[in-house]
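Take a look at the structures below.
You will see two complexes here that share chain A, one where it goes with chain B and one where it goes with chain C.
Entry: the complex of A and B
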C-alpha cells in the first residue's frame, strides 16, 4: 500500500503541531484519574499509550448539547464546520464511527453529522495492551483495523508505523514526508508482531453471535430479563458512554426575541422517552425498556445496518453501577437457557 | 381457497410502501392557521395554509400520512392529516388538548404563524381499493386520520362498492365531526355510530365497536368479505379486538390496514423513538397492513 510510513517518535510532536496550526487538535488528556478527549494546549500532556477514555469520541460528531438553529427574523444555521483532528482514538471507536456513518448518512443525511464528519480527521492508535474490560477481538472491531480508518498508528517502541486510509490522511503524510521514511522489512515484522501480541493479550472472549441467536430464537426466559431489569438503576450511563447509541431529543428554547433549537442526547431507558400525547406510555414496564436496549444492539442493528450495535469497547462495563453491561449480560446468557 | 394468502397479494401489500411517499424531511414550510373550529371540549379542528402560493401548489399528500407542526419556541409534534388530499395547499388537523404544544395551540387563534414539515410516512393504498367494498373503522380520536380516506371515498364514490363507516367513542359528547354525518350519509355511505356509555339524549346503540361488526356480519353473505378492504384507526387496544373479529369473518390480513401510533420526534428514522422492532414507524409506517403488524413483535 502506498500509504504506509515510518514516523520517528521524536517527530510526532512536530507533526501534531503542524496539524494544530490548521485544525483544532483534540487528544486524550489525563484529568485526575480519568482520561478525557479535550482540545490540546500542551502537546507533551497527551497520553500516548492508547488509553480508554470514558466519554466516547462520538461527542465530536454528535455533541451532547448541540444548538442547531436560531430563529430571529430569519433562520440562522448553527452548523459546525470547524476543522478538527482527533488524535489517539482506539480502533473500536473508529469501527463505531463506520456504523454511525451508515446510520446517519443512509436515507436522510443528517446535515449536522455530515458537516462534522467531513471536517474531522481521526488518528487511531492500535492497542498494544488491551484493558481487562475490552472484548473487541471477538467482534472484529479491534485491536487494529484493516480498513475504514483515516490514519492508524502502530506503536513499535521507538517509532510509529503509520497507515493512511483516506485522501485527507495521505495529504498529511505526503506533505510531511520529510519527517518519515518508507517502511522496511523489519518494520513490517514488528508491526505484525504487535498485531499478534495484542491479540493474545485479551482476557475476555465474548461471542455476540451466540447472544443474538439466543434472543432471536427466544430462548431466554422472562425471568432472565426480569433479573437484569431489577439491577437497572435507569441512570442512562451505558447509553451516554456507548459510542453507538444515537438517541436524541430536540427542543426549542425561547428567549426575548429569538428562539433556539437544540439537540441533546436522550436515553431509551427513561420512561418518558416514548411517551405519546395523553400520557400513553408504550414501554411503561421497565423490563420492556431494558430488553429494548439489548434487542436494539443485538438484533435490530445487524438487521438495519449490518453490524452489531456493540464494538466491545467495554465502557458500559466500567460505567454500569448495576453490573448489567453488555459483556456481563451476554456471558450470563450462556447459563440461562429456557 | 380465496381466504388463503396469495403471493400476488403479499407483493401488492409491499408495494404501497413506496419511497416517493416520503416528503422532504428537513424543509419547513411557512404556514398560517386560517381557522379554528371547536369540535368538542377537548378537540379543535385547525385549518392550516401554506403561505407561499408556489409551495402551496406543490404540497401534496396522500390519505394516512402525517406531518410535523412546529410552533416556534414551543417545539414540534406529529399530527395525522385529516383533510382531503385534493386541497393540497391547505391541511386540516384535528388536535386534542393533551400536551405542551397542543395546549398552547388551543390558546392561539387565527393568523398564527406555524411551520409544517412533511408529509411523512406511508399512506392507505386507496387506488388498490377501487371497485371493492370498504370498511372504515375508527375509535375515539382515530376518526381524525380516517377523515382523509373518507374524503377520498366521498370524492370518488362511484369507484367503490359498499362503504361503511363504523365509529365508536366513550360517550356521545366526544363524537367528532358531527356536522359531517349527514353529508356522509347523503353520499351513500353507511354510518354506524356506537358509544360505550350513553347519556339521556342518546338513542343509538351502546357497546363496543365489535358489537356492530358482529351484527353487520351476520347479515351478509360470504363472498362480500373477500372483496372487502378494512381501514382501522384508533387506540392500540382496539386493533387487536377489531382485527381479530375481521379475520374471523374472512377478510384477508393484507387487506386490513391499521395506522400505528408511536412517538415520532424527527420523522426521518434517526431519533429511535418510534421503532417497533427494527421497523421505524415514521419511515415504514404509520400505515401498515395487518399482516405486517402481526409479524412485528410487540406492535399492538
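Entry: the complex of A and C
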C-alpha cells in the first residue's frame, strides 16, 4: 500500500498543529472523569487511551440539531462546509462510515451529509484499550481496518505506524514527510504485533449471524420480545449513540423575520415517528417498535446496505438504561428457543 | 465544537450532561459516562433538553402592560415599574400583603437571593415555591420524625440493595435514571415491591404489585406494620436504642390487621403479609416514595407512616438502607434548602427561632420579620395583593386553576420573571426575561442532596438576564444594593449562613460530580447517607397516624376517582417540553386513561373526545383506553394548557403541610 509512514510520537503535535491551521481539530479530551470529543486548544491534552466516546463520531457528520436552510426574502442554504479533522476515533466507527455513505450518498444524495463528509478528515487509531462492552472483533469492523479509513495509526510505543487510505490523507503525509520516515522491517513486525495484541484484548464475542438466523427462522416468541420491551425506557439513547442509526425529523421554526428549517435526531422507538394523518399509529404497540429496531439492524440493513447495522462499538450497552442493548439481547437469544 | 458539562434541567435525578455548542448555538446533548447518577445514560427529556433553550418564543426583552396591552420596555423602565409596584402596595397595605414565589427550576444562588429579597428587602416571610405542591409533606413529616426531610441514601447505592419498596412513584417514567439503578439491582437478584393504584411500567416489572385504592396509603402501611409487629419482625434493639414514642404508636396498630387493611385498600391480606415479610426480612431495604404519597390531604401522615415503617424495622442509617423521597424538580431540593419557604431560612433554620433570625439580621444588616409567612396556596387564597413570581406557572400547576386565575387577576400588581410567556404571564403587569439553565452559572441540588455545578454554555437571548442578576438590580433600585460579582460569591454567603452547606463552594465543585450535604466545612467530603449512628434530631420519633379517607370521594353525581400526574414525555406545565419538537410530537394531546370496562359501559371509544367534569369545572380530553388504571379510577396528566386538569382538582389541603390533594377528586365522564 502506498502511503505507509513512521511518525515519531514527538512529532505528532507539530503535525496536528499544521492541520489545525487549516481545519478545526477535534479530539478526545479529559473533562473531570469523562473523555469527550471537542475542539482542541492544547494539543498535549489529547487523551488517546480512552474509552468509547458518547455519542459516536456521526455527530460530526449529522449533528443532533442541524439548521438546513433559512428563509428571509430569499432562501439561504445553511449547509456546513467547514473543514474538520477528527483525531483519535476508533476503527469500528470508521467502518460504520462505509454503510452511512451508502445510506446517505447512494442514489439520492443527502447534500448536508455530503458536505460534511467531504470536509471531514478522520484519523483513527488501532484500538488498544477496548471497553468491556466492545465486540467489533467478531464482526470484522475492528480493532484495525484494512480499508475504508482516511488515516490509521498504530501505536508502536515510541512512534506511530501511519497508514493513508485516502487522497486527502496522502496529501497530509507527503506534505509533512520531513516529520516521518518510511517503515522498515522492524516497524512492520511491531505493527503486526499490535494487530495481534489488540485482538487479544477483547473479551466479548457476539454473533450477529446467529441473531439474524434466530429472527429469520422465526425462533423468537412474542414473549421474548415482550420481555425486552417491558424494560425499554423509550429514551432513544440506543439510536442517538449508534454510529449507524440515521433516524431524523425535520421541522420549521418561525422567528420574527425569518423561518429556519432544522433537522434533529429522531428515533424509530417513538410511536409518533411513523404517525400518519388522522393520528394513525402503525407501530402503536411498543413491542412492534422494539422488534423493528432489531430487525432493521439484523435483517434489513444487510439486505439494503450490504452489512449489519451494528459495528460492535458497544455504545448502546453503555447507554441503555433498560439493559436491552444489541449485545445483551443477542446473548439472551441463546437462552430462548421457541 | 465545544462541550460544556452541566446538569439536566428536568427532574430531581440531576444527571450530568454535556451541551454541545457550535458558533453560539447548542447543537446537541450527550450524557456523562462517569456521572454517578446517569453513568452514560439519559432519558428522552434529557436527550432533548437543549432544544427549548434557543426557541424563537423565548422572552428577549422586558415587557410592561399598559392599558391591558404588553409593550416592550427597557430594563430600567421595567425594574423601576416593579420597584414602584412593590413599594406602592407595601406602603398601602404593608409588607405582608406581598407574596413571592421562588422557583425549583432556578439555582440555589437564585433561590437564596429571592428569599433574601423577600425577607430583607420587601420585609415579609411570604416566600414559597412549588415544593408546596410536591414535597412540603416530606419536609414537615420527616423533620418531625428524623430531623431532616431529604432522601437518606445515594442513588448509586440502589443497585446494591436487597429489597426495594416503591410506593406512589412512577419511577421508570418520572425518575428514569433512578429506575435504571433499580432494574440493575433486580437483575442481580434484588426483590422489588411496588405499591401503586396504577399499573405503571415499574409495577409490571415488580415481584409484587400492591394495587391499593388511591388515598389509602396510610391504611396499607399500617397493615404492613401490623404484620411486622404481630409476626415479630420488629427490630427491637433499634427501636429501643435509636427511637422514642414507640409504645403509643404500637397500640394503634391493633386497629389495622391485614383484613381491615384489605377492606380499606383493596389489596389482598395475603399480599400485605407478603410485602411486610419481604420488606422486613432484609437489612438492605430501601423505601422510595414520591407524589403518590405526598399529594394528599393526609400527605404528612403518609410520610410519617413511611418513617414509622423504616424505624420499626431499623432500615435506616446505613448504606443501601433508608427512606428516600424522590424529588420531582431539578432543584426543588435546593430551593427548599435555600429557605424559599415561609417558615425557614436556608438550611431549615426556623424564622421563629430568635437566634437564627439574629444571625441573618446581622449578616444582611436588615430587620427581619418574625412571623412565618403565607404558603403558596394561602397567597392564592386572597392572602396577598401583589406578587413577584419567578419561574413558576401557577395558572396551570395549582389545583382549582379557575380559582387561581381569579386570584392572579385580582392582584394589584404582578411581576413574572420567566423564560417564556406562560399562562401566568397573561396576568402580569411586568414581565422580566430570564436566562435558562444553559445560559448561566450556579448550582443545583438533586434529590440525593448532591450539589452540582451548572455551567453557562451560551449567551441568553436578546436582553434576557440570569435571575440572580435581575434580583440584584431590582434590589439595588429598592435601596438595598447586593454586591455579587458572580454566583460563586452568593454561594460563599450561603455557606457562611447555612450549616449544611458550610463547605460547599464553587471551586470545590469543579472536581468530580458535586458534594452531598450535609457538608459542614471545606475539608468535609460530603455525606452519602444520613442518620448514621443517630438521627439528625437525636432519637427518631414514632408518630401515631390514623387512616383518614380523601376529602372528596366518588359519589352518584361524580362516580369516578380522578388521579393526576406527569407523563414520561412532558414536564410540568409544558413550558419547555412542549417546545421540543420530537417529544411534543410524541404526546401532543391531553388524554384521560380510562379502564376498558368503564369505557365499554359509558360507550367511550379510544382516542375519541371525552368531557370530564368535577365540582369545580370541566375539560375535554381524548380517551385512552387501558388497563393501567383500575375500574372506577381515571388518570389525567397536568401538562396541557389546552385541557388544564387542575381545573378539576380539589384544593383541599393537608392541614400541616398545606399541600393540595392532587391525587384524588371525584369526576364524571361523558363521551362527547
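Here, the second predicted complex is superposed on the first by the 336 of 338 C-alpha atoms of A that agree within 3 Å, B and C clash if a C-alpha of one lies under 4 Å from a C-alpha of the other, contacts with A are read in each partner's own complex, and residues count from 1 in each chain.
One rule holds in what follows: a contact is a pair of C-beta atoms (placed from the backbone, for glycine too) under 8 Å apart; a residue touches a chain by one contact, two chains touch by 3 or more.
The structure presented is a predicted model; accordingly, all values stated were derived computationally and were not measured.
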Partner chain(s) touched by A:24 [first = chain B, second = chain C, both, neither]: second
Partner chain(s) touched by A:251 [first = chain B, second = chain C, both, neither]: both
Chain B versus chain C as contact partner of A:168, first or second or both or neither: neither
First, second, both or neither for A:275, with chain B first and chain C second: both
Touching partner for A:195 - first (chain B), second (chain C), both, neither: neither
Partner chain in contact with A:234 - chain B first, chain C second, else both or neither: second
First (chain B), second (chain C), both or neither touched by A:4: neither
Superposition-derived comparison: chain B or chain C, residues of chain A touched: C
Doubly contacted residues of chain A, that is, touched by chain B and again by chain C: 249, 251, 253-254, 266, 275, 279
Chain A-facing residues of chain B, complex: 25-26, 72-77, 96, 98-99, 102, 236, 261-263, 265-266, 268-275, 277-278, 283, 298
Contact set on chain A toward chain C in their complex: 24, 26, 31-39, 51, 54-55, 59-60, 63-67, 230-231, 233-237, 240, 249, 251, 253-256, 262, 264-267, 270-272, 275, 279, 318-323
Interfacial residue positions of chain A with respect to chain B in the complex: 71, 103-104, 107-108, 110-111, 246-254, 259, 266, 268, 273-280, 282, 288, 295-296, 299-300, 303-304
Chain A partner contacts - residues on chain C that touch it in the complex: 1-3, 5, 18, 20, 22, 25-35, 40-44, 46-47, 50-51, 55-56, 172, 176-177, 179-180, 183-184, 187, 201, 204-205, 511-513, 568, 581-582, 585-586, 607
